[in-house]
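Got a structure here, written out as structure tokens. Questions coming.
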Amino acid sequence: MHRLLITGAAGGIGRVMREKLAPLATILRLSDITDLGTAADHEELVTCDLGDKASVDRLVDGCDGIVHLGGMSGEAPFSKIMHANIAGCYNLYEAARAHGQPRILLASSLHTVGFYRQDEYFDATIPPRPDGLYGVSKCFAEMMAQMYFDKFGQETAVVRIGSCFEHPRDQRMLATWFSYGDFASLAECVFKAPRLGCPIIWGVSNNDACWWDNRKANFLGWRPKDNAGEYRAHIEATVPPPDPNSASALYQGGPFTEKPIYEDE
Amino acid sequence: MHRLLITGAAGGIGRVMREKLAPLATILRLSDITDLGTAADHEELVTCDLGDKASVDRLVDGCDGIVHLGGMSGEAPFSKIMHANIAGCYNLYEAARAHGQPRILLASSLHTVGFYRQDEYFDATIPPRPDGLYGVSKCFAEMMAQMYFDKFGQETAVVRIGSCFEHPRDQRMLATWFSYGDFASLAECVFKAPRLGCPIIWGVSNNDACWWDNRKANFLGWRPKDNAGEYRAHIEATVPPPDPNSASALYQGGPFTEKPIYEDE
Amino acid sequence: MHRLLITGAAGGIGRVMREKLAPLATILRLSDITDLGTAADHEELVTCDLGDKASVDRLVDGCDGIVHLGGMSGEAPFSKIMHANIAGCYNLYEAARAHGQPRILLASSLHTVGFYRQDEYFDATIPPRPDGLYGVSKCFAEMMAQMYFDKFGQETAVVRIGSCFEHPRDQRMLATWFSYGDFASLAECVFKAPRLGCPIIWGVSNNDACWWDNRKANFLGWRPKDNAGEYRAHIEATVPPPDPNSASALYQGGPFTEKPIYEDE
Amino acid sequence: MHRLLITGAAGGIGRVMREKLAPLATILRLSDITDLGTAADHEELVTCDLGDKASVDRLVDGCDGIVHLGGMSGEAPFSKIMHANIAGCYNLYEAARAHGQPRILLASSLHTVGFYRQDEYFDATIPPRPDGLYGVSKCFAEMMAQMYFDKFGQETAVVRIGSCFEHPRDQRMLATWFSYGDFASLAECVFKAPRLGCPIIWGVSNNDACWWDNRKANFLGWRPKDNAGEYRAHIEATVPPPDPNSASALYQGGPFTEKPIYEDE
Amino acid sequence: MHRLLITGAAGGIGRVMREKLAPLATILRLSDITDLGTAADHEELVTCDLGDKASVDRLVDGCDGIVHLGGMSGEAPFSKIMHANIAGCYNLYEAARAHGQPRILLASSLHTVGFYRQDEYFDATIPPRPDGLYGVSKCFAEMMAQMYFDKFGQETAVVRIGSCFEHPRDQRMLATWFSYGDFASLAECVFKAPRLGCPIIWGVSNNDACWWDNRKANFLGWRPKDNAGEYRAHIEATVPPPDPNSASALYQGGPFTEKPIYEDE
Amino acid sequence: MHRLLITGAAGGIGRVMREKLAPLATILRLSDITDLGTAADHEELVTCDLGDKASVDRLVDGCDGIVHLGGMSGEAPFSKIMHANIAGCYNLYEAARAHGQPRILLASSLHTVGFYRQDEYFDATIPPRPDGLYGVSKCFAEMMAQMYFDKFGQETAVVRIGSCFEHPRDQRMLATWFSYGDFASLAECVFKAPRLGCPIIWGVSNNDACWWDNRKANFLGWRPKDNAGEYRAHIEATVPPPDPNSASALYQGGPFTEKPIYEDE
């Protein structure tokens, strides 16, 4: 690719992908609503409010691929979610439609299925059970991706990201951990595939504990390499086990299932 | 029920349900953004913009059940859909949560699955394939219903309405027709059930031609009585058959699958 | 058939089947542990403790078919269930094996799946979720039937009886009611089928409300005729609706799911 | 339709359809390898060996629809089956491709699944288990239909005919009977559908006993009316029941499963 | 855990687990009906007849976890199976209920599904097909576990043990072998899981040949390490291949499917 | 085995298997319609037209196993396919029936499912969608194998060969590649299995990209070792990527889906 756009590039995952995905394109265009620091030679930095249609249109213009990490990345008042995640998603797909339909890697979330129990095993065709407004907004984004694919042929890799951190942090993440390296190798498969379509892919490493069946995405040839199980002993030694009757032990969404609906400010 | 709220009561279905559902409650509270005419003795008329949170809160206060027909009922610019269907849906669920969680019958739509072909047969657990922004907004509403059920116990009957008219109007409606009488008998089952949960129900009559498996909703004891097949000869005699390669013959969503994304005004 | 054995013939269902199934055989042999009254000309009355192996052997000798209604028909101390339902079942199958393998209609129960929710719909291949010791004993009997079929070719119609009464008695029975007439017509199909195998059949009438998929038993050609829905208005008028959070409204097994483990006397 | 071709029109089903399908077209073109009697005014009679490519090409030229009943209709030496059913099928599809792709109703057979047991219930997506060379040739024809649909858009209704006679003749046909009237009403649905695709449809009446799930063909709006169950008492009274261990009682294909491979003459 | 109970500790698997599971608890309480030898410092030895309710109650008192290997471990007269496996199982669950519901690892068996063919592949939701009275008693125990979980929240890991020996002994065990090491690592996962529920787990190593899908238990994070395939050449060289028409080659339960019903002594 | 027959031994796969399968039998009988070169000491060379029944009968006489690679191995005029693949298949199965039913490894093809998309994932029970006459002839052969198994007990391993070459040659083969070594190890498993039945096995290596679920064949204990993914970088560097809208990128059958029906010469 000549120019790859990463939205939300100042966020936790975005900062890492700014490094790891650089080999995928000549130029990285990085956007966020907050400060992105200093641009390297191969970087373009854009401050952009995703809820602003015209700004998003300019942001997407000239890009050959998009890693869409932007928007609210957790529970928030509905007005903020509607602005950044719902209007933001619409703005992104309209901009892509106007500018040659660059392939999109869309950051969805395990919180689309957060109300399934941790002892349930399923693939991505199961009906969603979002665990809050954030999860609902991610379901909305998935439906937009599907509709733009069916209607206009826009390709998207919908990635339901588990827990994307340096390493797993508690017992639940022994199943949900998604290493940075596996995220990057997935992105490489997504942008190199001759034909992508609009698959839903579980963004999760090759962990011993596993809730999700990713076989329907096997056609991409992606095989995650990391395994949260290597951190099991360390976590059992350092993190108190969760109350077995708490949401952290019961539901895939963990604490999100217990969060309130936040009031608008 | 003492007081049943019908939103969108000035619309095509709303005007009929205003008559047919009157026996279900002592008082019907009817709302719309347009004129509702004159109130009968058992009626309360409320002009309400569903996108206004405070208005919706007042509207729901005091109701024991809600038939939510309001919002944009077809393809529209995204700003209108976001206002009436997305913010409107959030406002409704928040109002219900604040006022005792009255049971909700939510008008969803076949346009949540409009991009499936007409020769496909499935039940409501199949992944959605919405056929436009309207369809996506209905998927959003379904996800809100599921999340409020899982998180707060709010009960909703999600009804994916087919083609709800006096009688079927073309070949596609031989499969999608939902008679007014069957809608009313479904509403009665929904509000009388000792326990409802959050089922998705295909809103369709007992037509000879059938694309949707409703058996997972059999627990409600609802059996539609009307059959579009009785209009088949009439339609074949009076309506030109669709081009077999057109969206009307190919997709369940029919012409919706061909509609553009409307520009905001 | 020349001689049809009905065990448990003094029980609620047994007394009715004593009349209704008389046309199926020249002689009815009727057994129970309690008084069976006076024998009609075509009847043989036998007092029999099913837990006594030798007695059961004599009971089965000479019979061409068996309707096995005997044993504890509800929750009881485990010693009683083990004696009548578990040892009793073993005794029956061993007696059948010794005496020409007469076809058996085995009264199983909805309480084999009592812990599924009332809004779940499934067929008989779903894993059992019994709601008490009685339900577990019925699962045991089903497994015995399957094993004697696989190992020895013994044919059994496993009938998971819903609520077999004169008419439905409460809201739950709008889904579970099994009319006496439908039971009798099922028994006729079972004993007339050229080949039976070992199917599990939901013993339930053609009710508007329906939790169970009986299609895998369609090969028998049995179509129940009665419909609990005809009693809906009467029940809604005369029976208080269940607390929606009670077991009666939540689980298919209804109150059985709340019963304790009874102490042995 | 202007001209409907019926192949195999001198056979058992063909003679009846010659009468019943006349209303579907202005002209019936009737073909067989044996004598077809005298042509009525609306009929064209053609003697044709289906294994002869040029003859089939002429036969199909000018037709708007085809009911393909021709070929060997039961077990036969392989040379005959290869000539009439395999080469014949290829010739028919090539002729259709050359002459405007008239819609085809293809007579397939229950003998494509003859080795399933009579107590199994399934839909048409189950892997075939043909019961002889005839059944294999019907599987071949089904595959040809599917391939010509995928590759060229040729539409075919694959009808797996059960037992198509005046009335059911034995216990097995209580499940497999396909009345002439139901065949004719199915043909009407097939040729009137705005869009057909390439469905597999179980050609069976609305019998009490039922082995096959036809719901995937519901989109056609066809509802069979006849019921072999009305003949049950008559059959039980007049036809000796089959040996329960015989193929007639065990397998869906009945006696076909026991037929040898016939030697070529 | 402070105190882990192992029943059947004098049996083939019990003797090995006495060593391998010692690290899981401060104290091992070991029970059997036969001699257990000499207690080590961390061991408590209890002679116990599982069919005696009071004895089992005392046995379980004070334990934090139970590995239930006790009872008849193969085909036996029904009186013995009823005493040790059926009454024994009831006694164990009642004792657990009385004493704080310690987590249970229940030794079930492949003989719950012994009548499936060796070329069938399935997960643990398939309906059981036990191959004898022993297999039926294990189905009974599984149903008890499920019922105590649904009714009282008692957690059990139901482990369907394949062939648990030092190494595989014949061709069938190339698929069924369960190494001692893999048993022990499974037990560790079972007792360390923050929340267990009541899963059914195939107790089988990571063998090249595999009949059972264990993915629904993936949430435990257990990955078996041993592979019977490493013994394939040795077995092929030293063990005569089974008659392909014998039960050993045909059924998953192997020779158990051919065993008679043993007479009571 | 004493004598293993390989048909099509002069073809691309045949020449390699002539070497690799030699250890499986004392004598290799090799047949083809073209020149087979010089026989080694352990080889018997036979020129044979598979469409000639008597020749095939002599060919099979005395063999203990058959690897059937013969016939047209790609799209061809129907007369050739009918001769070599259809009559040839019938001749082979009749010869096997006459000569002790030696086990058969039948070379089927991915072209039985060539019209599925490359982003679909399924197992071998999915309905075929052949991509041409060649694919249809392979479906025919599969049905023959199933019928001879059901009717006569003839065992066949149906192997749907992907792309069997020295190494993968383009992007599509990253998913379809079947290494020679994995073919040979599969053949060894097939002929050593105590009991084979009639499974359908995907003939594909352990590639990172994967469209087919082979778990139903796990009972054979075969685990492919090679991985086309190791050639990914090389292919991406040397082979131009396919047009994403071409058959090569869209369908599993790749270019076969675009081939015409060849005219007979």
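Annotations
Each chain gets a letter, A, B, C, D, E and F, in the order it is written, and its residues are counted from 1.
Basically, a residue touches a chain if its C-beta (ideal position, glycine included) is under 8 Å from a C-beta of that chain, and two chains touch if they have at least 3 such contacts.
For reference, the UniProt names are A, B, C, D, E, F = Uronate dehydrogenase.
Everything numeric in this text was worked out from a predicted model, so none of it was measured.
With contact taken as defined at the outset, chain A and chain F are each touched by E. Least step count on the touch graph, chain B to chain C: 1. Note on connectivity: the fewest steps through touching chains from chain E to chain F is 1.
By residue number, over half of the contacts seen at A-F repeat in one listed pair from C-E, A-B or B-C, namely B-C.
Of all residue numbers seen at the chain C-chain D contact, under half occur in both copies; the interface is built from largely non-matching residues. Work out the mean CA point of chain A and of chain D, and you get 52 Å between them.
Here the CA centre of chain A is 42 Å from the CA centre of chain E. Multi-chain contact residues of chain C, defined as those touching 2 or more other chains: none present. The complete set of chain-chain contacts reads A-B, A-E, A-F, B-C, B-D, C-D, C-E, D-F, E-F. Residue ranges of chain C in contact with chain D, taken from their complex: 192, 194-195, 197, 199, 215-216, 218-223. Residues of chain F touching chain A in their complex: 117-121, 171, 174-175, 207-211, 213, 229, 232, 236, 241-242, 244, 249-250. Chain D makes touch with chain F in their complex at residues 78, 82, 86-87, 90, 94, 97, 115, 125-133, 135-136, 139-140, 143-144, 146-147, 150-151, 257, 261.
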